[in-house]
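Everything below concerns the one structure shown next.
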Amino acid sequence: MTFQRAVALLSAAFLAFAPPSVALAQQAAKQKVVFQVSDADPAKWNLALNNARNVQAELGKDKVLIEIVAYGPGLGMLKRESKVEGRLAEAMQNNVGLIACENTMQNTKTTKEDMYGGIAYVPAGVTHLMKRQREGWAYIRP
Amino acid sequence: MTFQRAVALLSAAFLAFAPPSVALAQQAAKQKVVFQVSDADPAKWNLALNNARNVQAELGKDKVLIEIVAYGPGLGMLKRESKVEGRLAEAMQNNVGLIACENTMQNTKTTKEDMYGGIAYVPAGVTHLMKRQREGWAYIRP
Amino acid sequence: MTFQRAVALLSAAFLAFAPPSVALAQQAAKQKVVFQVSDADPAKWNLALNNARNVQAELGKDKVLIEIVAYGPGLGMLKRESKVEGRLAEAMQNNVGLIACENTMQNTKTTKEDMYGGIAYVPAGVTHLMKRQREGWAYIRP
(Lines give C-alpha, C1' and ligand atoms only; values in the text may rest on other atoms or scores of the structure.)
Protein backbone atom coordinates (compact mmCIF):
# COMPACT_ATOMS: atom_id res chain seq x y z
CA MET A 1 0.00 0.00 0.00
CA THR A 2 1.42 3.37 -0.96
CA PHE A 3 1.19 6.34 1.33
CA GLN A 4 -1.15 8.23 -1.02
CA ARG A 5 -3.39 5.21 -1.38
CA ALA A 6 -3.60 4.76 2.40
CA VAL A 7 -4.63 8.40 2.82
CA ALA A 8 -7.21 8.08 0.04
CA LEU A 9 -8.64 4.90 1.53
CA LEU A 10 -8.89 6.35 5.01
CA SER A 11 -10.47 9.53 3.68
CA ALA A 12 -13.01 7.57 1.67
CA ALA A 13 -13.86 5.38 4.64
CA PHE A 14 -14.16 8.45 6.80
CA LEU A 15 -16.50 10.26 4.41
CA ALA A 16 -18.72 7.21 4.23
CA PHE A 17 -19.62 7.92 7.86
CA ALA A 18 -20.09 11.65 7.44
CA PRO A 19 -23.59 11.84 5.85
CA PRO A 20 -25.51 11.03 9.08
CA SER A 21 -23.90 14.01 10.80
CA VAL A 22 -24.78 16.24 7.87
CA ALA A 23 -28.34 14.94 7.99
CA LEU A 24 -28.48 15.65 11.71
CA ALA A 25 -27.38 19.24 11.11
CA GLN A 26 -30.14 19.76 8.54
CA GLN A 27 -32.67 18.18 10.85
CA ALA A 28 -31.69 20.61 13.59
CA ALA A 29 -32.44 23.45 11.18
CA LYS A 30 -36.02 22.27 10.62
CA GLN A 31 -37.82 20.64 13.52
CA LYS A 32 -40.34 17.88 12.96
CA VAL A 33 -43.13 16.52 15.10
CA VAL A 34 -45.89 13.99 14.54
CA PHE A 35 -48.99 13.91 16.74
CA GLN A 36 -50.89 10.67 17.25
CA VAL A 37 -54.66 10.77 17.61
CA SER A 38 -56.09 7.37 18.52
CA ASP A 39 -58.91 8.28 20.92
CA ALA A 40 -62.58 8.80 20.01
CA ASP A 41 -62.48 11.96 22.09
CA PRO A 42 -63.08 15.40 20.52
CA ALA A 43 -61.28 16.99 23.48
CA LYS A 44 -58.14 15.13 22.40
CA TRP A 45 -58.71 16.23 18.80
CA ASN A 46 -58.86 19.86 19.91
CA LEU A 47 -55.80 19.37 22.08
CA ALA A 48 -53.81 17.99 19.12
CA LEU A 49 -54.87 20.97 16.97
CA ASN A 50 -54.01 23.40 19.79
CA ASN A 51 -50.62 21.71 20.21
CA ALA A 52 -49.87 22.08 16.50
CA ARG A 53 -50.86 25.77 16.55
CA ASN A 54 -48.76 26.48 19.64
CA VAL A 55 -45.72 24.75 18.17
CA GLN A 56 -46.01 26.86 15.02
CA ALA A 57 -46.49 30.02 17.09
CA GLU A 58 -43.37 29.37 19.14
CA LEU A 59 -41.04 28.01 16.46
CA GLY A 60 -42.37 29.76 13.37
CA LYS A 61 -44.53 28.11 10.72
CA ASP A 62 -41.66 27.74 8.26
CA LYS A 63 -39.31 26.26 10.86
CA VAL A 64 -41.25 23.14 11.75
CA LEU A 65 -42.95 20.25 9.97
CA ILE A 66 -46.10 19.00 11.69
CA GLU A 67 -48.31 16.01 11.01
CA ILE A 68 -51.38 14.72 12.83
CA VAL A 69 -52.01 11.01 12.27
CA ALA A 70 -55.49 9.72 13.09
CA TYR A 71 -56.05 6.00 13.42
CA GLY A 72 -58.17 3.46 15.28
CA PRO A 73 -60.84 5.14 17.40
CA GLY A 74 -59.23 8.50 16.50
CA LEU A 75 -60.19 8.28 12.82
CA GLY A 76 -63.38 10.25 13.49
CA MET A 77 -61.30 13.40 13.91
CA LEU A 78 -60.75 13.56 10.14
CA LYS A 79 -64.23 12.60 8.97
CA ARG A 80 -66.43 14.96 7.02
CA GLU A 81 -68.82 15.26 9.97
CA SER A 82 -66.00 15.55 12.57
CA LYS A 83 -66.74 17.54 15.72
CA VAL A 84 -63.61 19.61 14.92
CA GLU A 85 -64.47 19.91 11.21
CA GLY A 86 -64.44 23.70 11.51
CA ARG A 87 -60.76 23.68 12.48
CA LEU A 88 -59.45 21.27 9.84
CA ALA A 89 -59.39 23.76 6.96
CA GLU A 90 -57.41 26.21 9.09
CA ALA A 91 -54.91 23.49 10.04
CA MET A 92 -54.38 22.58 6.38
CA GLN A 93 -53.95 26.23 5.42
CA ASN A 94 -51.22 26.40 8.04
CA ASN A 95 -49.46 23.41 6.49
CA VAL A 96 -50.31 20.98 9.26
CA GLY A 97 -50.45 17.58 7.58
CA LEU A 98 -53.70 15.75 8.34
CA ILE A 99 -53.27 12.03 7.73
CA ALA A 100 -55.82 9.21 8.00
CA CYS A 101 -55.10 5.49 8.35
CA GLU A 102 -56.48 3.38 5.48
CA ASN A 103 -56.27 0.23 7.59
CA THR A 104 -58.74 1.70 10.05
CA MET A 105 -60.94 2.87 7.19
CA GLN A 106 -61.13 -0.63 5.71
CA ASN A 107 -61.86 -2.19 9.10
CA THR A 108 -64.69 0.29 9.72
CA LYS A 109 -66.03 0.34 6.14
CA THR A 110 -65.18 4.02 5.85
CA THR A 111 -64.52 5.46 2.38
CA LYS A 112 -62.73 8.60 1.26
CA GLU A 113 -66.18 10.03 0.57
CA ASP A 114 -66.72 9.91 4.35
CA MET A 115 -63.50 11.76 5.06
CA TYR A 116 -62.77 15.48 5.15
CA GLY A 117 -61.68 16.74 1.73
CA GLY A 118 -58.01 17.37 1.06
CA ILE A 119 -56.49 15.26 3.81
CA ALA A 120 -53.71 12.74 3.15
CA TYR A 121 -53.74 8.97 3.56
CA VAL A 122 -51.26 6.31 4.62
CA PRO A 123 -51.72 2.52 4.38
CA ALA A 124 -51.28 2.15 8.16
CA GLY A 125 -51.10 4.90 10.75
CA VAL A 126 -48.83 2.97 13.09
CA THR A 127 -46.18 2.15 10.50
CA HIS A 128 -46.20 5.79 9.47
CA LEU A 129 -45.58 6.80 13.08
CA MET A 130 -42.71 4.28 13.20
CA LYS A 131 -41.26 5.72 9.99
CA ARG A 132 -41.38 9.26 11.30
CA GLN A 133 -39.63 8.26 14.51
CA ARG A 134 -36.92 6.48 12.50
CA GLU A 135 -36.51 9.68 10.49
CA GLY A 136 -35.93 11.67 13.68
CA TRP A 137 -39.34 13.27 14.14
CA ALA A 138 -40.47 13.87 17.69
CA TYR A 139 -43.53 11.81 18.69
CA ILE A 140 -46.27 13.37 20.79
CA ARG A 141 -49.38 11.52 21.88
CA PRO A 142 -51.71 14.18 23.35
CA MET B 1 5.83 6.93 14.51
CA THR B 2 6.20 4.95 11.31
CA PHE B 3 3.84 5.36 8.40
CA GLN B 4 2.41 1.85 8.79
CA ARG B 5 1.84 2.41 12.49
CA ALA B 6 0.08 5.73 11.83
CA VAL B 7 -2.24 4.08 9.33
CA ALA B 8 -2.91 1.22 11.75
CA LEU B 9 -3.65 3.60 14.61
CA LEU B 10 -6.00 5.73 12.57
CA SER B 11 -7.76 2.67 11.21
CA ALA B 12 -8.19 1.26 14.69
CA ALA B 13 -9.48 4.57 16.00
CA PHE B 14 -11.83 4.80 13.07
CA LEU B 15 -13.20 1.30 13.52
CA ALA B 16 -13.86 2.04 17.17
CA PHE B 17 -16.49 4.49 15.99
CA ALA B 18 -17.88 2.29 13.23
CA PRO B 19 -20.01 -0.20 15.19
CA PRO B 20 -22.87 2.24 15.93
CA SER B 21 -23.20 2.96 12.21
CA VAL B 22 -23.12 -0.71 11.39
CA ALA B 23 -25.76 -1.29 14.05
CA LEU B 24 -27.86 1.48 12.55
CA ALA B 25 -27.66 -0.17 9.13
CA GLN B 26 -28.83 -3.49 10.58
CA GLN B 27 -31.58 -1.73 12.47
CA ALA B 28 -32.81 -0.17 9.24
CA ALA B 29 -33.02 -3.68 7.80
CA LYS B 30 -35.20 -4.87 10.69
CA GLN B 31 -37.70 -2.42 12.11
CA LYS B 32 -38.54 -2.43 15.79
CA VAL B 33 -41.51 -1.10 17.72
CA VAL B 34 -42.59 -1.30 21.33
CA PHE B 35 -46.21 -0.69 22.35
CA GLN B 36 -47.02 0.62 25.80
CA VAL B 37 -50.19 -0.55 27.53
CA SER B 38 -50.81 1.34 30.78
CA ASP B 39 -54.60 1.72 30.79
CA ALA B 40 -57.10 -0.62 32.46
CA ASP B 41 -59.12 -0.51 29.27
CA PRO B 42 -59.72 -3.67 27.19
CA ALA B 43 -60.43 -1.48 24.15
CA LYS B 44 -56.83 -0.25 24.39
CA TRP B 45 -55.60 -3.82 24.78
CA ASN B 46 -57.40 -4.82 21.59
CA LEU B 47 -56.06 -1.73 19.84
CA ALA B 48 -52.48 -2.65 20.78
CA LEU B 49 -52.99 -6.20 19.48
CA ASN B 50 -54.58 -4.86 16.28
CA ASN B 51 -51.68 -2.45 15.83
CA ALA B 52 -49.17 -5.27 16.18
CA ARG B 53 -51.04 -7.42 13.66
CA ASN B 54 -51.32 -4.58 11.15
CA VAL B 55 -47.63 -3.75 11.43
CA GLN B 56 -46.72 -7.38 10.74
CA ALA B 57 -49.17 -7.50 7.84
CA GLU B 58 -47.69 -4.42 6.21
CA LEU B 59 -43.99 -4.97 6.89
CA GLY B 60 -43.82 -8.78 6.99
CA LYS B 61 -43.56 -10.81 10.18
CA ASP B 62 -39.85 -11.51 9.72
CA LYS B 63 -39.03 -7.87 9.00
CA VAL B 64 -40.11 -6.33 12.29
CA LEU B 65 -39.61 -6.92 16.01
CA ILE B 66 -42.65 -6.11 18.14
CA GLU B 67 -43.12 -5.97 21.89
CA ILE B 68 -46.14 -5.04 23.99
CA VAL B 69 -45.23 -3.86 27.49
CA ALA B 70 -48.02 -3.88 30.07
CA TYR B 71 -47.54 -1.97 33.30
CA GLY B 72 -49.50 -0.04 35.92
CA PRO B 73 -53.23 -0.20 35.30
CA GLY B 74 -52.46 -1.97 32.00
CA LEU B 75 -51.11 -5.11 33.69
CA GLY B 76 -54.54 -6.74 33.51
CA MET B 77 -54.06 -7.22 29.77
CA LEU B 78 -51.61 -10.04 30.40
CA LYS B 79 -53.38 -11.76 33.28
CA ARG B 80 -54.69 -15.30 33.01
CA GLU B 81 -58.28 -13.99 33.16
CA SER B 82 -57.62 -11.07 30.76
CA LYS B 83 -60.52 -9.87 28.64
CA VAL B 84 -58.26 -10.36 25.60
CA GLU B 85 -56.94 -13.75 26.80
CA GLY B 86 -58.20 -15.38 23.61
CA ARG B 87 -55.87 -13.25 21.50
CA LEU B 88 -52.67 -13.62 23.55
CA ALA B 89 -51.76 -17.10 22.29
CA GLU B 90 -52.12 -15.92 18.69
CA ALA B 91 -49.90 -12.91 19.37
CA MET B 92 -47.18 -15.11 20.89
CA GLN B 93 -47.39 -17.54 17.95
CA ASN B 94 -46.78 -14.54 15.70
CA ASN B 95 -43.66 -13.63 17.69
CA VAL B 96 -45.16 -10.56 19.32
CA GLY B 97 -43.33 -10.22 22.64
CA LEU B 98 -45.76 -9.92 25.57
CA ILE B 99 -43.98 -8.38 28.56
CA ALA B 100 -45.29 -7.73 32.06
CA CYS B 101 -43.84 -5.32 34.65
CA GLU B 102 -42.70 -7.05 37.88
CA ASN B 103 -42.79 -3.73 39.75
CA THR B 104 -46.51 -3.46 39.10
CA MET B 105 -46.98 -7.11 40.07
CA GLN B 106 -45.29 -6.58 43.44
CA ASN B 107 -47.29 -3.42 44.12
CA THR B 108 -50.54 -5.23 43.36
CA LYS B 109 -49.63 -8.57 44.99
CA THR B 110 -49.87 -10.30 41.63
CA THR B 111 -47.85 -13.49 41.10
CA LYS B 112 -46.75 -15.26 37.94
CA GLU B 113 -49.49 -17.79 38.71
CA ASP B 114 -51.96 -14.98 38.04
CA MET B 115 -50.40 -14.15 34.69
CA TYR B 116 -50.96 -15.64 31.26
CA GLY B 117 -48.60 -18.56 30.64
CA GLY B 118 -45.53 -18.04 28.45
CA ILE B 119 -45.26 -14.27 28.63
CA ALA B 120 -41.99 -12.50 29.47
CA TYR B 121 -41.15 -10.30 32.46
CA VAL B 122 -39.01 -7.23 33.08
CA PRO B 123 -38.14 -5.69 36.48
CA ALA B 124 -39.78 -2.40 35.49
CA GLY B 125 -41.89 -1.67 32.43
CA VAL B 126 -40.86 1.97 32.23
CA THR B 127 -37.11 1.34 32.28
CA HIS B 128 -37.63 -1.31 29.60
CA LEU B 129 -39.44 1.27 27.45
CA MET B 130 -36.54 3.69 28.04
CA LYS B 131 -34.04 0.99 27.02
CA ARG B 132 -35.90 0.20 23.82
CA GLN B 133 -36.03 3.88 22.86
CA ARG B 134 -32.29 4.19 23.50
CA GLU B 135 -31.78 1.17 21.25
CA GLY B 136 -33.68 2.90 18.45
CA TRP B 137 -37.06 1.17 18.71
CA ALA B 138 -40.10 3.24 17.82
CA TYR B 139 -42.43 3.91 20.76
CA ILE B 140 -46.19 3.78 20.28
CA ARG B 141 -48.68 4.42 23.06
CA PRO B 142 -52.08 3.33 21.63
CA MET C 1 1.36 16.96 1.44
CA THR C 2 3.85 15.49 3.88
CA PHE C 3 3.18 12.31 5.73
CA GLN C 4 2.99 14.07 9.11
CA ARG C 5 0.57 16.65 7.74
CA ALA C 6 -1.66 13.96 6.25
CA VAL C 7 -1.83 12.17 9.57
CA ALA C 8 -2.56 15.45 11.36
CA LEU C 9 -5.32 16.36 8.91
CA LEU C 10 -6.97 12.97 9.12
CA SER C 11 -6.75 13.01 12.90
CA ALA C 12 -8.30 16.45 13.05
CA ALA C 13 -11.07 15.48 10.68
CA PHE C 14 -11.66 12.36 12.69
CA LEU C 15 -11.88 14.22 15.97
CA ALA C 16 -14.38 16.63 14.47
CA PHE C 17 -16.79 13.72 14.26
CA ALA C 18 -15.92 12.29 17.64
CA PRO C 19 -17.93 14.62 19.93
CA PRO C 20 -21.34 13.10 19.09
CA SER C 21 -20.03 9.65 19.94
CA VAL C 22 -18.49 10.97 23.13
CA ALA C 23 -21.80 12.63 23.93
CA LEU C 24 -23.58 9.34 23.27
CA ALA C 25 -21.22 7.58 25.66
CA GLN C 26 -21.95 10.13 28.38
CA GLN C 27 -25.64 9.87 27.68
CA ALA C 28 -25.42 6.11 28.13
CA ALA C 29 -23.78 6.77 31.48
CA LYS C 30 -26.65 9.00 32.55
CA GLN C 31 -30.09 8.02 31.32
CA LYS C 32 -32.79 10.60 30.69
CA VAL C 33 -36.54 10.35 30.54
CA VAL C 34 -39.35 12.86 30.24
CA PHE C 35 -42.90 12.01 31.28
CA GLN C 36 -45.84 13.77 29.66
CA VAL C 37 -48.92 14.52 31.73
CA SER C 38 -51.76 15.89 29.60
CA ASP C 39 -54.83 14.31 31.19
CA ALA C 40 -57.03 15.86 33.89
CA ASP C 41 -56.84 12.55 35.73
CA PRO C 42 -55.25 12.28 39.20
CA ALA C 43 -54.74 8.55 38.62
CA LYS C 44 -52.44 9.46 35.71
CA TRP C 45 -50.67 12.00 37.90
CA ASN C 46 -50.00 9.34 40.52
CA LEU C 47 -48.88 6.92 37.81
CA ALA C 48 -46.35 9.45 36.48
CA LEU C 49 -45.00 10.01 40.01
CA ASN C 50 -44.84 6.25 40.62
CA ASN C 51 -43.03 5.77 37.32
CA ALA C 52 -40.45 8.40 38.25
CA ARG C 53 -39.89 6.80 41.66
CA ASN C 54 -39.54 3.31 40.19
CA VAL C 55 -37.05 4.48 37.56
CA GLN C 56 -34.92 6.09 40.27
CA ALA C 57 -35.18 2.96 42.42
CA GLU C 58 -34.01 0.70 39.61
CA LEU C 59 -31.34 2.88 38.00
CA GLY C 60 -30.16 4.93 41.01
CA LYS C 61 -31.15 8.53 41.65
CA ASP C 62 -27.79 9.90 40.47
CA LYS C 63 -27.82 7.83 37.28
CA VAL C 64 -30.94 9.23 35.65
CA LEU C 65 -32.43 12.61 34.82
CA ILE C 66 -36.21 12.75 35.10
CA GLU C 67 -38.70 15.44 34.17
CA ILE C 68 -42.49 15.50 34.35
CA VAL C 69 -44.07 18.00 31.94
CA ALA C 70 -47.68 18.99 32.64
CA TYR C 71 -49.66 20.74 29.94
CA GLY C 72 -53.19 21.10 28.60
CA PRO C 73 -55.72 19.31 30.80
CA GLY C 74 -52.76 17.90 32.79
CA LEU C 75 -51.75 21.30 34.19
CA GLY C 76 -53.85 20.69 37.31
CA MET C 77 -51.25 18.17 38.51
CA LEU C 78 -48.87 21.00 39.38
CA LYS C 79 -51.35 23.45 40.88
CA ARG C 80 -51.21 24.51 44.50
CA GLU C 81 -54.44 22.64 45.22
CA SER C 82 -53.45 19.55 43.17
CA LYS C 83 -54.88 16.21 44.26
CA VAL C 84 -51.27 14.92 44.37
CA GLU C 85 -49.95 18.04 46.12
CA GLY C 86 -48.69 15.89 48.99
CA ARG C 87 -46.29 14.05 46.67
CA LEU C 88 -44.84 17.02 44.78
CA ALA C 89 -42.42 18.10 47.51
CA GLU C 90 -41.05 14.57 47.73
CA ALA C 91 -40.58 14.42 43.95
CA MET C 92 -38.67 17.72 43.97
CA GLN C 93 -36.50 16.56 46.87
CA ASN C 94 -35.62 13.53 44.75
CA ASN C 95 -34.57 15.78 41.86
CA VAL C 96 -37.53 14.97 39.66
CA GLY C 97 -38.06 18.07 37.53
CA LEU C 98 -41.65 19.31 37.69
CA ILE C 99 -42.39 21.54 34.71
CA ALA C 100 -45.54 23.49 33.84
CA CYS C 101 -46.55 24.85 30.42
CA GLU C 102 -46.96 28.65 30.35
CA ASN C 103 -49.03 28.44 27.16
CA THR C 104 -51.64 26.41 29.00
CA MET C 105 -51.48 28.80 31.95
CA GLN C 106 -52.19 31.81 29.72
CA ASN C 107 -55.05 30.03 27.95
CA THR C 108 -56.64 29.12 31.29
CA LYS C 109 -55.86 32.40 33.08
CA THR C 110 -53.70 30.55 35.57
CA THR C 111 -50.91 32.49 37.31
CA LYS C 112 -47.77 31.30 39.08
CA GLU C 113 -49.59 32.15 42.31
CA ASP C 114 -51.96 29.30 41.47
CA MET C 115 -49.11 26.84 40.92
CA TYR C 116 -47.21 24.70 43.41
CA GLY C 117 -44.17 26.53 44.74
CA GLY C 118 -40.73 25.70 43.40
CA ILE C 119 -41.71 24.07 40.13
CA ALA C 120 -40.15 25.06 36.81
CA TYR C 121 -41.80 26.63 33.74
CA VAL C 122 -41.37 26.37 29.98
CA PRO C 123 -43.02 28.60 27.33
CA ALA C 124 -44.71 25.56 25.74
CA GLY C 125 -44.87 22.02 27.08
CA VAL C 126 -44.99 20.41 23.64
CA THR C 127 -41.92 22.17 22.25
CA HIS C 128 -40.06 21.20 25.43
CA LEU C 129 -41.04 17.55 24.84
CA MET C 130 -39.80 17.88 21.25
CA LYS C 131 -36.52 19.36 22.47
CA ARG C 132 -35.95 16.56 24.95
CA GLN C 133 -36.59 13.92 22.29
CA ARG C 134 -34.12 15.66 19.96
CA GLU C 135 -31.59 15.59 22.80
CA GLY C 136 -32.01 11.83 23.14
CA TRP C 137 -34.30 11.65 26.17
CA ALA C 138 -36.77 8.78 26.27
CA TYR C 139 -40.41 9.88 26.08
CA ILE C 140 -43.04 8.19 28.21
CA ARG C 141 -46.70 9.12 28.16
CA PRO C 142 -48.26 7.27 31.14
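First chain written, first letter: the chains are A, B and C, and each begins at residue 1.
Going forward, a contact is a pair of C-beta atoms (placed from the backbone, for glycine too) under 8 Å apart; a residue touches a chain by one contact, two chains touch by 3 or more.
Everything quoted here is computed from the prediction, not taken from an experiment.
Shared contact partners of subunit A and subunit B, listed by label: C. Its C-alpha atoms fitted onto subunit C, subunit B is found rotated by 120°, rounded in steps of 5. Between subunit A and subunit C, two chains of identical sequence, the interface residue sets overlap only in part, with shared numbers making up under half of the total.
Rounded to whole angstrom, the centroid-to-centroid distance between subunit A and subunit C, based on C-alpha atoms, equals 22 Å.
Each of the following residues of subunit A touches two or more other chains: 3, 10, 14, 17, 139, 141. Within the complex, the subunit A residues that touch subunit B are 1, 3, 6, 10, 13-14, 17, 20, 36, 38, 72-73, 103, 107, 123-124, 126-127, 129-130, 133-134, 139, 141. Put simply, subunit A touches subunit C in their complex at residues 3, 7, 10-11, 14, 17-18, 21, 24, 28, 31, 33, 43, 47, 50-51, 54-55, 58-59, 136, 138-142.
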